[in-house]
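Here's the structure, in C-alpha cells; my notes come after.
Note that the chains take the letters A, B, C, D and E in the order they are written out, and that residue 1 is the start of every chain.
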C-alpha cells in the first residue's frame, strides 16, 4: 500500500520518479525555474487526471513540484482555493458555480472529465428503467451536490419523475453501495470507482448512465483569478501535465490502471459473490467507462449554462450567472492551436 | 453565599458578547462569502426562522436528541453506579469505554444504516453512543470517591446492595453525574449534527448546515451553528444548571458568609 | 482492599473479547466487503503494520495528539480552577463552554485552514478545542464540591489565593481533573480522527481511515479503528489510570478489609 | 456461652502495626459493657469488628455464640466520626435506617420526631448537617442509631462533643432506653465517671497493642449516685490502671 | 482597650436562628480564656468570628483593638471537626501552615518532628488521616496549629476525643507552650475541670441565643492542683450555672 504517500505532503510517490521517463511522450520537458503548486483533489475516478499526472511524474516533467492535497468533499476543497491555501483543484463544475455566484474569484481553466453517474439497482428490485424508481428507495449524494443536481434536473425530468416520487436517501457513495448490497435501498446513483465495486461485489445491474444520455462537463480544473494574475505560467504547465495524463488514460488504460490501482483498491483482488476480480482489472474497467477530456467545447459551455439554469430552478442559486465570466480558456485556445 | 442572579446573567451576556465580537472582527478580514458578518447572518436567520422546513428540521433534531441523550444518561449512570458496587464490572466497563470512546461515533453510521435502515434510529443511536461514554466514565470515577464511612453507616444499618446504590452511591456521586451529564450533552449535540450530515436523513439542524455548506451558503451555515449553540446553551443553563442547583442545594446553605 | 492485578487484567481481556466476539458474529451475517472477518482484517493489519507509510501516519497522529491533548488539559484545568476561586470567571467560562461545546469541532477546520494553512496546526487546534471542554467543565464542577472546611483551614493558616488554588483546590479537585482528562482523551482521539479526515493533511490514522472508507476498503477502515482503539486503551490504562492510582493512592490505604 | 457479644482471642494488625493482641471480652445479653483505654489502643477497632466491618486476623468475634460475618441491623454502631449524610436533613438522616427497613413514611415521621425530641434536636428537623454545631451533629448521629431500636448497640465515644449537662441528660436517656429492654450495650468512652455510672462490666485496655488489662464488674445498684464513695474509689482504681498504662 | 482579643456587643443570626445576642468578651494579651456552655449556644461561632471566618451582624470583633476583617496566621483556629487534609500524610498536614509561610523544608521537617513527638504521634508521620484513630486525628490537628506558633490560639474542643490520661498530658503540654510566651489563648471545652485548670478567665454561656452568663476570674496560682478545694468549689459554681442554664 505504499502508493498512499503519492497523494501526500510527504513527497512524490514511489512510482513518480521512475515514471517520468516513460511518460506518454507528448511535449518536451519544460526549461526555466521550477514552480511549486498545491493542488486539491478528491479520491474518485473523476479526478484521475490529477492523480495520474502526479503518479506518472508528469508534473515534474513540466517543471512543477506539485503537492496533492486530499479532500473529502468539493465543498471543503473549494473553500481552500477561495481562502488561498490551494492554487488549484480538480473538482465539480457546480462547486465553482455556487461559490462564484457568492462572489468568490474563481476561474475554470480547463476540463478533466465528462460526467459519469450511473444508476445501479439490485437485480431483485424489479427496476428496469428510470420510471420504475417510482416509490422505491434510491441512495444518492447530498442535496446540492453535482449528482443531486443532474439527478433531479436531468434523470428524473427526462423520466417524468420528481423528487417526491422516489424515497430519497442522501449518503456518501461508499455508504450508498453498501446499503444497496445490504438491501436497505433498491437503487443507488454513484460514480466510479463505486460502480465497479458495486458490480464486483453485489448482485446488481446498471440501468442508466448519464454520460451516455446527457454528457456534460463534470470535473473541471479550477483556480483563482489571483493565481492567474500572478502566475499564469504555473497553471498552464499544470494543464499541460494533466493533458498528458488524460492522453494516457484514454490510450493506455492498462498502464494508467497500474499507476492508479493502489489509490482505489488495497487488496490484490476484490471478492464478491461472483468470484474474485483482480484489482487492476477493476480499475482499468473504471477508467475505460469514463470519458476524460481536457477541452471545454462550445457544446460543453451550453451544457454549463443548462446546469446553471437547473441550479436556479432548484433554488441552489439565487440568481442566474453568466458562465462566460467564470471561464478562462486561454490555455485551451493556445493548446488547440498547437494541435 | 448569597445568590446574585443579575451577576450570573451578566457573565453569560459577556460570554455571548465575546463570541460575537470575535466573529465580527474576523468578518472584517475575511470575504463575506466565506464569513458573513453578523447583520448579514441575522438577515438570513430572520428568513430561515420563518421557513417551516427549517423549523421542522429543528423539531426533528430535538426529537432525536430528546431520545438519544436521556437514554445515554440513564444507561451511563446506571452502569457506572453498578460498576461502583461491583468492581469487575467497573474494570470491564473501563476497558470497553477506553477502547470505544476513541472511535468517532459517526464511524458506526454505515453499520447502523445497514442494520437499522435509514431514518431516525441510526442518528439516535449515534447520539446515545457518543454521550454514553462521558456519563459512564464520570459516574465510574465518581463512585470511587464515595466516602467509605458513608458506605459503612449504611451497611451497619442493614442496607442491601440495591439500597447502597440508590441511597448512598447515587446521591454521593450526584456531582459527578451532573458533570457527566453536562459533558455528555455537548457530545450529544456534536454527534447529532455530525450524524445528520452522514446518516441519510433529510431534515434537522445538521442536515441544514451541511446542505448550506454544499451550496456555499455560509450565512445559512452560521445560522445553523448559532441555533445549535443557542439551543444547547439554553437547555444547559435552564435545565441542567437548574437541576444541579436543586439537587445539590444542600451545599448552599447559609454560613461562612465571610468567604 | 488488596489489589488483585490479575483480576484487573482479566476484566480488560473480557472487554476485548466481547468486542471481538460481536465483530465476528456480525461478520458472519454481513458480506465480507461490508464487514470483513477478524482473520481477513488481521491479514490486512499485518500488511499495513509492515508499511512504513502507515507507521509514519501513526507517528504523525501521535505527534498531533501529543501536543493538542496536554495543551487542552493544562488550559482546561487552569481555567477551571481559576473559575473555582473567582466566580464571575466560572460563570463566564460556563457560558462559553455551553455554547461552544455543542458545535462539532471540525466546523472550525475551514477557518483554521484559512488562518493557519495546511499542516499539523489546524488538527492540533481542533484536538485542543475538543478536549478542552470536558476538562474545563469537570474541573469547574469539581471546584464547587471542595469542602468549605478545607478551604477555611487554609485561610486560617494564612493561605494566599494562589496557595488556596494549588494546595487545596488542586488536590481536592484531582478526582474531577482525572475524570475530565479521561473524557477529554476520548474527545481528543475522536477529533484527531475527524480532523485528519477534513483538514487536508495527508497522513495519520484518521486520514488512513477516511481514505480507506472513500475506496470502500472496509478491512482498512477496521484496521485503522482497531489501531485507534488499541492505542487509546493502552494509553488510557497505562498512563491515565496509573497516574490516577498514584495521585489518589491516599484513598487506597489499608483498612475496612471486610468491605 | 451463648447470648450477648464476645471477642475470643482476637488479634488484629494494620500493615506493620499490631493493634490488638489476644483480646478476650464478653458482654452478656442485656448487659451494659464499657471500654476505656488510651487513644489508639484499638477500641474503635473492637466495635467495628463487632459491627462486622472489620475481620480479626486471629480469634473469633461472636454474637449470640455465632461468628459475626458482616454488618446487620441487629447490631448498630454509632461511629466516632459522626458520619451524617451531608445531603440529608437531620430528619432525613435519622429516618435513614427506617427507610432501609421499609418502615412506612407516617410511622417513620412519628418515630423520628420522638427520638429527635429526646436528644434535644426538636425544631432542627430540616437543617442540614453543615448547619449544626458539633454537639448537635453528634446528637443527630445518636438519634439515627437509637431510632433503630437494635438488639446490640455499639457506641463509639458518643458524647465526646457534648457539654457536661447535655452529657448527663443523654446518659440518663440512654439508661432509660436500655433498662429492662434486654438490649446489649457496648460503649467506648474517655470519661471515666461516665464509664462507671453506666457500666455493668468495665474493660480497661492497655496502650497499643491493645489488650484487656482489667475487667471490672461494677455491681452498684441503679439508679447510681455520682458522688457515691464506691464510685469515687472505682474511679481512682481505673485512673490508676490507665496511668500505669500511659 | 488594646492588646488581646475582644467581642463587643456582638450579635449573630443564621437565617431565622438567633445564635448570639449582645456578647461581650475580652481576653487580654497573654491571657488564657476558656468558654464553657451548652451545645449549640454559639461557642464555635465566637471562635470562627475571631478567626475571621464569620462576620457579626452587630457589634465589633477586635484583635489588638482593631476590627478583625479576615483570617490571618496571627490567629490560628483549631477546628472542632479535625479537618485534616485526607490527601496529606500526618507530617504533610502538620507541615501545611509552614509550607504556606514559606519555611525551608529542612526547618519544616525538624519543627514537624518536634511537635509530633510532643502530641505523641512520633512514628505516624507517614500515615494518612483515615489510618488514624479518632484521638490521633485530633492530636494531629492540634499539632498543625501548635507548629505555627501564633500570637493568638483559638481552640475549639481540642481534647474532646482524647482519653483522660492523654488529655492531662496535652493540657500540660499546652500550658508549657503558653506560659511566658505572651500568647493569647481562647479555648472552648466541655470539661469543666479542664476549664478551671487552664483558665485565667472563664466565660460561662447561656443556651442559644448565647450570651455570656458569667465571667469568672480564676486567680489560682500555677501550677494548679486538680484536687485543690478552691477548684472543687469553682467547679460546683460553674456546674450550678450551667444547670440553671440547661
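By definition in this document, a contact is a pair of C-beta atoms (placed from the backbone, for glycine too) under 8 Å apart; a residue touches a chain by one contact, two chains touch by 3 or more.
These figures come from a predicted structure and were not determined experimentally.
Engineer: So which chains are sitting against chain A and chain C at once?
Structural biologist: Correct list: B.
Engineer: By mean C-alpha coordinates, which chain is most distant from chain D?
Structural biologist: Relative to chain D, the chain whose C-alpha centre sits farthest away is A.
Engineer: Copies chain D, chain E: same or different interface, half of numbers shared as the threshold?
Structural biologist: Interface between chain D and chain E is built from largely the same residues.
Engineer: Centre to centre, by mean C-alpha position, how many angstrom separate chain B and chain E?
Structural biologist: 49
Engineer: If you average the CA atoms of chain D and of chain E, how far apart do the two points sit, in angstrom?
Structural biologist: So the centroids are 27 Å from each other.
Engineer: Using Cα averages as centroids, what's the distance between chain A and chain B in whole Å?
Structural biologist: The computed centroid separation for chain A versus chain B comes out at 39 Å.
Engineer: Touching at least two other chains at once: which residues of chain D meet that condition?
Structural biologist: Chain D, residues with two or more chain partners: 14, 52-53, 70, 81, 130-131.
Engineer: Of all residues in chain A, which are in touch with two or more distinct other chains?
Structural biologist: 79, 83, 172, 174, 178, 182
Engineer: Of all residues in chain C, which are in touch with two or more distinct other chains?
Structural biologist: 30, 34, 110, 114, 148, 152, 248, 251, 254-256, 259
Engineer: Going by the contact rule set out above, which residues of chain B touch chain C in the complex?
Structural biologist: 7-8, 10-12, 14-16, 18-19, 26, 30, 34-35, 87-88, 90-107, 110-111, 114, 133-134, 137-138, 141-142, 144-145, 148, 151-152, 175-176, 178-180, 182-183, 185-187, 189-190, 193-194, 225, 228-233, 236-237, 241, 248, 251, 255-256, 259
Engineer: Using the touch rule from the top, collect the residues of chain C that touch chain A in their complex.
Structural biologist: These residues of chain C touch chain A: 30-34, 44, 47-48, 51-54, 56, 109-110, 113-114, 117-119, 197-198, 200-203, 207-208, 210-217, 219-220.
Engineer: Chain C touches which residues of chain A in the complex?
Structural biologist: Residue list for chain A touching chain C: 1-2, 4-5, 7-10, 38, 40, 43-44, 68-72, 76, 79-80, 83-85, 172, 174, 177-178, 181-182, 193-194, 197, 201, 263-267, 270-273.
Engineer: Which positions of chain C touch chain E when the two form their complex?
Structural biologist: Touching chain E: residues 149-150, 152-160, 163, 167-168, 171-172, 174, 248, 250-251, 253-255 of chain C.
Engineer: In the complex formed with chain B, which residues of chain D make contact?
Structural biologist: Listed in rising order, the residues are 51-53, 70-73, 75-77, 79, 81, 83, 85-88, 96-97, 99-101, 128, 130-131, 148.
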